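Chains here go by letter, A, B, C and D, matching the order in which they are written, and residues are numbered from 1 within each.
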Amino acid sequence: MKVGVIGASGYTGGELLRLLSGHPKFNLNYIAAGNNAGELITLLHPQLTAFSGQKFSQTNTTEINSCDLVFIALPHGESAKLISQIDARVKIVDLGADFRLSNVKDWEKYYGGVHAGSWLYGLPELVNHKEIAIATKVANPGCYATAIALSIAPVLADIDTSDIVVVAASGTTGAGRSAKVNLLGSEVMNNLTSYKFGGVHQHTPEIEQILSEFAKSAVKISFTPILAPMPRGILATVTAKITTESNLDSLRSKYSHFYLKSKFVSLLPANQMPMTSAVLGSNNVQIQIAVDTHVNRIVISTAIDNLGKGAAGQAIQNANLMCDFPEDLGLHAVGVR
Amino acid sequence: MKVGVIGASGYTGGELLRLLSGHPKFNLNYIAAGNNAGELITLLHPQLTAFSGQKFSQTNTTEINSCDLVFIALPHGESAKLISQIDARVKIVDLGADFRLSNVKDWEKYYGGVHAGSWLYGLPELVNHKEIAIATKVANPGCYATAIALSIAPVLADIDTSDIVVVAASGTTGAGRSAKVNLLGSEVMNNLTSYKFGGVHQHTPEIEQILSEFAKSAVKISFTPILAPMPRGILATVTAKITTESNLDSLRSKYSHFYLKSKFVSLLPANQMPMTSAVLGSNNVQIQIAVDTHVNRIVISTAIDNLGKGAAGQAIQNANLMCDFPEDLGLHAVGVR
Amino acid sequence: MKVGVIGASGYTGGELLRLLSGHPKFNLNYIAAGNNAGELITLLHPQLTAFSGQKFSQTNTTEINSCDLVFIALPHGESAKLISQIDARVKIVDLGADFRLSNVKDWEKYYGGVHAGSWLYGLPELVNHKEIAIATKVANPGCYATAIALSIAPVLADIDTSDIVVVAASGTTGAGRSAKVNLLGSEVMNNLTSYKFGGVHQHTPEIEQILSEFAKSAVKISFTPILAPMPRGILATVTAKITTESNLDSLRSKYSHFYLKSKFVSLLPANQMPMTSAVLGSNNVQIQIAVDTHVNRIVISTAIDNLGKGAAGQAIQNANLMCDFPEDLGLHAVGVR
Amino acid sequence: MKVGVIGASGYTGGELLRLLSGHPKFNLNYIAAGNNAGELITLLHPQLTAFSGQKFSQTNTTEINSCDLVFIALPHGESAKLISQIDARVKIVDLGADFRLSNVKDWEKYYGGVHAGSWLYGLPELVNHKEIAIATKVANPGCYATAIALSIAPVLADIDTSDIVVVAASGTTGAGRSAKVNLLGSEVMNNLTSYKFGGVHQHTPEIEQILSEFAKSAVKISFTPILAPMPRGILATVTAKITTESNLDSLRSKYSHFYLKSKFVSLLPANQMPMTSAVLGSNNVQIQIAVDTHVNRIVISTAIDNLGKGAAGQAIQNANLMCDFPEDLGLHAVGVR
């Protein structure tokens, strides 16, 4: 399998390269980066010693069309532009937002501009693997969306789905690699601060979309994102009113069953809490739940690596499924910490 | 005014010393620390150069009784034991939890052991200053309790008070200075993790107590605390269903009026978010609010310094009021960042 | 005293405002910021609540000339341009490099462009206070230069001054507030990396200049700077061959005597090491020394706050001396930590 | 190959487990941890999901003797005690210090107690691989020792070996996982501080030993260690007087040749500096050199992961060589960052 990475100079691109360099089936032979074409890969990703001496290529549709599969990790709006020039036979996992939303109004409200259409939403734990296997184009979910949707999906039947409250904090790589004053180390260290405050984060509609499809009824979330003083990781706290007679044991058992066959998602033992440091560099998802009886709420705490299961790891998981490889091929089950 | 600090070797104790060293009226002449008695103050608090050469004293009731006012910063249970030996005339601000809760069952549930009684709850923005002025004993609120109660108090009449959802993250000094593996730098850096998960944090009853008194009706909160990779600061995200016809403007105006005369609490301008780094070392509270119309919720983001307004700063604010000094005497209005 | 701050939007500018807001004699009535003129001060310095509602002014020589004293915190080259339009009577403390070097060739080698001249080098511990008192223009030393010169000055007669080796690490605010990818939080956290490597850091000549003047013989240093994952603080490790019969006691005693009257610099007790966290927000300098007998070297470890004694604090110390105020007026002796 | 890890509960033990879980030849079937025997591995190493459900075993010589190879990661003094009960046929890589030093006086000075003897010092880049291949017992170098020895070894003939100056900073995992107040996150964040100050760090003699053997003449170093606010990584700055006519080009060429066949150590291109974040989780060593002509010194900057090449990675590299496997088998060439 000839594979390519388009937009390889960002943090997500770097993580794709890292994971693909150890993948036994994907033969990475095209690595493109718009503005950084011609530069040494290791100048931007100094950890990627396996790529020493190699340079970023120009983004070029001829090269893309010579690949069997490409990962696109571009800012939103960019992959939509590119897509018309790519042969239908080329499998694509798009890590951007362009093809995630099926609702045109949602796109216009949260992103603006022309809606490019929608592809299969590649959250493998919530989507039939056979659908992914036959798809040639997959929209890879957003990092927050992944953490939040996986947190609550197993118990949608037990909660008030019209009022799910989420507060989730992300490390700074989630904000990308652009040179902005508010992302300087001097600004982010010692600091917690909210942003896109008041329900305006663009992952909101994709979370509601996938959960509504899954629940077969409208799901609504209140989502407050926070920037945390660490490079990687998302910790999502999700809470909702319990509407059934469920108790902690019955709810725990729903999670256990739901993720029974999952290679990456697990409900932790009762005495262990999810930690972002424990999923660093992995495709793992750690979940813990509690029932706060005095307010009758389920509370869920979930940790992922925003660049792993939140982006590059999940993209490779999708690509594996699209190619009939084992879901976890080339994906380190073990975090670095 | 002769003042003393009991329990001066912890982080809260250190911050009390720092603030008191610059206070024009409080003459700090007794600095006690149980296990660290006899050690140089600067060995434990190397930043406190004003105390160079001085040592921690033994905790001794004769010395305490020679003071006009003492701050007690001991683990819970300790100040209750001490109190019987202190003369009634000595003013006390207790930074521990022993006298915060009026409900015996709450005490037993969240702390265990014998309930020592309750004192005036010294959250000056929610309590009549005249009450504080005549009190000789004040229970200084918990750090989370301060951030959360101040976040929502102005709009209790506009929300569903039976279902306030709070997720709040604290820097590591909030967990104290005891040598525990889970508080090691190697563990906390790069890490966000929840603790006291599922509504069991001991600040829950004091928040509900003060807000219920204030609202004149039962207030209930779902509170999830998080440990964040930074030494100081709390960022609280508080959200509740709006039950009135309020909109963002009318709610903003309630905060503005509520904190109009406050020297420390302020609603930020619309385009500015609270940052824990912006309140570092100060007694300030930064609040921002939004209305998420698609779920009809008010969302509040609030930043404090857990050692400042969350502990030592507020204790001095209370002491100032108890002594008829200006509320902000000796309290730096300006953070360090 | 009417004072102004030119270049108030950067980190050094912000620290000047913070310190000046609590200064009893300097009446801060002109706050200028080139590109940020017209913006709210608290938007850039959210910690400076004392300046709420106030905006940055344009940089304007009429306004400057209405001040008795101005602090200039501009990138190098900028104050030299400004200076010709400022009345001779206006006292100036220049926190930039423009007037630090007396040697034209040094200027050309390390900075490039036209050498603007040189002013009194305001390192008060190494310069006669009377000279500062009569100066109207003072060049405030660089942050590294301050830490390094104070580290070794007391023992210049005891060491091989032709071969002083320095490795010093700085927090990220030392690199300023410009939006550069290499200063992003995602890049600097978890990272130590050297820069300006191989003796090319521009503080090298000013350190050699002040120490050579002080030693009355040529001093040479090998200086390697490092960027550290924290916002503030410099830890300098300075080592040199001992050339006399000195031992640890005699060398300690030289430091003690040298800094006997200093309000800010101190040799720590033998069992305590300098910590950058212990000088945070203060004008303090912590020094510890050792003698490594097996290589016959003195080793000195010194901590300062790069924005405090390394910039804004020292500038105010100089300004105090220029105005015959007590050296430490308005300078917090106590760090925040 | 049946392999065991003794002392698996510490940070080094955890990294051994992580790396061994992906090793194609070493079959990890004995995982022992003294005090933590009986606990779930994932409770202490939550990132090691591959070990879910598995518990630490007791340290037991019968079990050890059933292994073909064991890694011992115990505090110093502990492996010496254990060794007499281990069969001679069991290959051992000892990650502790017990068998690193050949000189009894050095042992007594830096560690105290009885000297247990010395084994082959397993720094594969400086030791004949054939010697390692026939060794059954190898002493794995210390983390600082690895970084420092590799920094200067290629140019020992070009420098004054009697006066090598080293300042090196380490992340906090280097200090182990014991609960000490000075290692709390609240203490280490925002902080740089030296320790074991004045030439007393216990890695000093092993660095001098290996370099002296290598140079065939006495090598002396002045070494100042620093604790840095990050969990992992060492950045070593090494400098020495140049005694030959070498220039930057000739010195660069020595490093290039010296590490030509090395799979892990590389001299970076001229415009790139070593970063601890770039070697995170890998066995890589990044080196950059400069010549500071104005003091005639070579300056070397070197980054390693203290738990990777500085401990667990190098131990596996040694084990590979002892078993005639490719040197880099199971060692990720690529860092995480």
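Methods note: contacts are C-beta pairs under 8 Å (C-beta built on N, C-alpha and C of every residue); 3 or more make two chains touch, one makes a residue touch a chain.
Keep in mind that what you see is a predicted model, and the values were worked out from it rather than measured.
Engineer: The C-D interface: which of A-C, A-B or B-C repeats it, judged by over half of the contact pairs being the same residue numbers?
Structural biologist: Equivalent chain pair to C-D in A-C, A-B or B-C: A-B.
Engineer: Let me spell it out: compute each chain's centre from its C-alpha atoms, then which one is farthest from chain C's centre?
Structural biologist: Checked the centroid distances; the maximum from chain C is A.
Engineer: Out of A-B and A-D, which chain pair has the most contact pairs?
Structural biologist: Top pair by contacting C-beta pairs is A-B.
Engineer: Which integer distance in Å separates the CA centroid of chain B from that of chain D?
Structural biologist: 45
Engineer: If you average the Cα atoms of chain A and of chain D to get two centres, how far apart are those centres in Å?
Structural biologist: It comes to 36 Å between the two C-alpha centres.
Engineer: Considering chain A alone, which of its residues make contact with at least two other chains?
Structural biologist: 171, 187, 189-190, 229-231, 275, 277, 280, 337
Engineer: Any idea which chain A residues touch chain C in the complex?
Structural biologist: Residues 11, 171-173, 175, 177-181, 183-190, 229-231.
Engineer: Can you list the chain B residues touching chain C in their complex?
Structural biologist: Touch list, chain B to chain C: 14, 18, 21-22, 40, 42-43, 45-50, 52, 189-190, 266, 269, 271-272, 275, 277-282, 284, 286, 332-337.
Engineer: Please output the residues of chain A touching chain B within their complex, sorted ascending.
Structural biologist: Touching chain B from chain A are residues 162-163, 165, 167, 169, 171, 187, 189-195, 197-199, 220-222, 224, 226, 228-233, 235, 237, 239, 241, 273-277, 280, 288, 290-295, 297, 299, 301, 303, 337.
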